[in-house]
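All chains are identified by letter, namely A, B and C, in their written order; residue positions are counted from 1 within each chain.
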Amino acid sequence: MMAWVFGSLLFWAAAWALNVRLSRLSAPWVRFFVPALFGMTVIIVWEGMVRGFGVNPVLLPAPSAIAATFVGEIPTLWGDLVQTFFKGALSGYVIGCTAGVLTAIAVDRSPFLQRGLLPVGNFVAALPIVGMAPILVMWFGFGWQSKAAVVVVMVFFPMLVNAVEGLRASETMQRDLMHTYAATPGQGLRKLRLPAAMPFIFNGLKICTTLALIGAIVAEFFGSPIKGMGFRISTEVGRLALDMVWAEIVVAAIVGSAFYGAVALAERVITFWHPSQRG
Amino acid sequence: MKTIYGAVLAGAMAMGASVAQAADDVTLQLKWVTQAQFGGYYVALDKGFYEEEGLNVTIKPGGPDVAPAQVIAGGGADVVLDWMPSALASREKGLDLVNIAQPFKSSGMMLTCRKDSGIATPADFKGKTLGVWFGGNEYPFLSWMNKLGYSTDGGEDGVTVLKQGFNVDPILNGQADCVSTMTYNEYWQIIDAGLTPDELVVFKYEDQGVATLEDGIYVIGSNLEDPAFADKMVRFVRASMKGWKWAEENPDDAAMIVLDNDATGAQTEKHQTRMMREIAKLTAGSNGALDVADYERTVQSLLSGGSDPVITKAPEGAWSHAITDKALN
Amino acid sequence: MKSVLAILTVVVALVGFWYAACVPMNIHEAAMQAQRAGEEVTPAEAPERRHMGRISLALKNTGLWSTVFSQERPQLPAPHQVAQEFWKTTWGMIERGRAFSKRSLILHGWITLSATLLGFAFGTALGIVLAVSIVHSRAMDMSVMPWIIASQTVPILAIAPMIVVVLAALSVDDIVAKGVISMYLSFFPVVVGMVKGLRSPDAMQMDQMKTWNATRAETLWKLRLPSSTPYLFASLKVGVAASLIGAVVAELSLSSNGGLGARLLAGSYYGQTVQIWSALFAAAALAAVLVWAIGVAQKVTLKRMGFAQ
């Protein structure tokens, strides 16, 4: 059994040596290969430790068991994903981010309101979301609406801060130029200040992608119909089916990263002009 | 002088430590947070019954994300409390849980419904929304729904199931037509919240013939082969049952003992006293030994789950009278 | 000072909105109680009211509006109810000499605070170590950095119970288990900020170190670390708030020893909404105090180090 442990540690040493070598190269494929190899190493060492030390699967399942469950339970995992991500997280994300941007535009004309809103919003953002979740489930019911509400609460304030910052980002020279064109405030907003705010808005959108998924999963811990990722995780822990729990976590990680990647891609397209996108 | 004081202090501490080491350590993992449902154990701790048996018992409260079976599998406890359906399901998953005592004779589980939802008998459940906890407590409910022939996926011919949170809000604000309650806890929370008994319709699992055995004492079977451990368990069960019988006779004092041991400070005297009295009704009739007929009934109920039974075959070696035979005679 | 008036205006507006929201939120319960007391309610029977909207029910029963602000188990507690509960469990306890009784928010706040600070210390240490190694080793940078970012997509609430069980099996103290979960949440901002900070000295400054024949260790201690201090403090502020959330989340699985998370859970369990809200405010107040404390440390340190303002 110890062969597993030694074998995996050996693999780790070899993979690390390879990574050190590869990191000196600058070929584009290296950027993907090195982290992928590192990830593979972690999984192999994990498998080796679990098998070598005979860890109880009720405490920590081996990656092979998790993979088997993942493949076997795809219908359930997909159903949970639809319930949590598409119905709960995505709808809350859209509503919350839109509300954040609209609020920023609304208070844009009043520095007075901005000075008041930001510190208060800081305090509100410090309320631990896990405490809000049972309250929101109590108010909005067990369906996806309460999960969306939790996401809205989590996402609204970071979006607001970034959007306000973004609307301030246009330079004085540029605003003066619009003034010389006799632009109305509305035109100034649409043609200068909103486009200039896009880098900040996308910064906020990226931060909010992870918050959205986590918020939806957390909300499901406090009451849900019998499907959804949070529901599955909490009940399968109770049933000692930890391989299912880890399979759900894998799905969450994949979807969360894909969501972030999609927003980053949109950012590339829309803010192509910004220094950070020019490499 | 300083050195003398230091020496005396060190000596006293060493003596104290050695006395403490003379007693055997036992860690008990409860099924839920500190409340009168576990009154017998807190009484045994407070009144010194464990100390008399030479045991140094640490009681670990549970909670929403604590699965006692997982805790004992990880070595975080020597002995746990669990409900039989959940223990048998864990056993089928490969965890060698063995019942060594059964203080709770009757089941306290019920389904409480609002009269204004139009439910009067189980036949009216069709198309309604029912709440149930998970984390091991859903098995009796799922067995019952299977017996009634209702699918749990919702729709006109089935029932819509909600995963209840930790409180009774779904029935209070009408989100669910029925919620799962225990006779000693959630039912009274509903009454406290203002609903009156005339506004409610109650279905007790005992009356519906789907009751399963609840709080029992479980250990890992292979540990029982160690005579020192088995002896520790004999003393533990004896002292615990003494605590339970004391609690049955002195429910109000037992409730106060539970309150003193509640670290969160969230329990109230009224709620705990009422809970203790109700629990006393459930422990009455048991001296701690598992009644095999009750065990068989539970197993049958779980096996008859139709397309999705809780367990797929009758368990073997899931209980043992070895400890209670020695403890109670 | 200009901000104070602005903040007050916003706060007053929010509190006003809160009071107004209490009416539709609590109206169903108020109607139920009024019906039991035999008073006039429109519509009179519970089954008819069950599916009515909150606002229409409120508009039909204006006589009940005064009763929504003092319910025992409100859907939305009024601000003064939350304030009273908060006062009772903090100053009220101190006055009675029972500041550390189990019902006092001060005790629970202290329990959460100790776990937060422990996790924060772990997370900061881990973050700095990771950042230093990432900056000095290309292999670490390319292999570990993407995974650190990916690690934050894993929902912590899902992992918390498992970490707690595994650590309990290894006979680790509860507070350390909470600290590990806090560390998970707080190390990420520190890593990201410190990596940026350690790379912030510009080419001129790095070249100057080279002309002085500085080793990599000397460059680290004398140039990179001092330059990264502003970034470090910005990350510490985010990290301490994240650490607090981690401690509260951990307490939901480890509620046996008290703490603000345990209070939240107990309040939610018994439907004591006022308790939930006052515990929430206590947590937010604690976070605000911690961030403010780091802000003060930041001001003092940066001033002494000679950074602008």
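FYI, contacts are C-beta pairs under 8 Å (C-beta built on N, C-alpha and C of every residue); 3 or more make two chains touch, one makes a residue touch a chain.
Bear in mind the structure is a predicted one, so any value in this text is a computation, not a measurement.
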* To do: Classify the chain contact graph as line, ring, star, complete or other.
  => complete
* Structure fact -> By Cα-centroid distance to the whole-protein Cα centroid, the innermost chain is C
* For the chain pairs A-B and A-C, which is connected through the larger number of C-beta pairs in contact? -> A-C
* **Between subunit C and subunit B, distance of the C-alpha-averaged centres to the nearest whole Å** => 33
* Structure fact -> Taking each chain's mean CA coordinate, subunit A and subunit C are separated, in whole Å, by 18
* To do: Could you tell me the distance, in whole angstrom, between the mean C-alpha positions of subunit A and subunit B?
  => 38
* Note the residues in subunit A that touch 2 or more other chains, in rising order. => 59, 134, 138, 221-222, 237
* To do: Please list all residues of subunit B that touch 2 or more other chains.
  => 64-65, 67, 70, 74, 165-167, 169, 173
* Numbers and ranges of subunit C residues touching at least 2 other chains -> 75, 161, 165-166, 169, 252, 268
* In the complex of these two chains, what residues of subunit A are touching subunit C? -> 16, 19-20, 22-24, 30-31, 34-35, 37-39, 42, 59-60, 112-117, 119-120, 122-124, 126-132, 134-135, 138-139, 210, 213-214, 217-218, 221-222, 230, 233, 237, 242, 245, 248-249, 252-253, 256-257, 260
* Over in the complex, which subunit C residues touch subunit A? Could you list them? => 2-3, 5-11, 14, 25, 75-76, 137-139, 141-147, 150, 152-159, 161-162, 165-166, 169, 241, 244-245, 248-249, 252, 261, 264, 268, 273, 276-277, 279-281, 283-284, 287-288, 291
* Structure fact -> As the complex stands, subunit B meets subunit C at residues 33-34, 60-67, 70-71, 74-76, 116, 165-169, 172-174, 189, 193-194, 196, 199, 262-266, 271
* Touching residues (chain side subunit C, partner subunit B) in the complex -> 28-29, 32-33, 36, 45-47, 50-51, 73, 75, 101-104, 108, 160-161, 164-166, 168-169, 252-258, 262-263, 265-272, 275
* Structure fact -> subunit B residues touching subunit A in their complex are 64-65, 67, 69-70, 73-74, 86, 89-90, 93-95, 134-136, 138, 152, 154, 160-167, 169-170, 173, 175-176
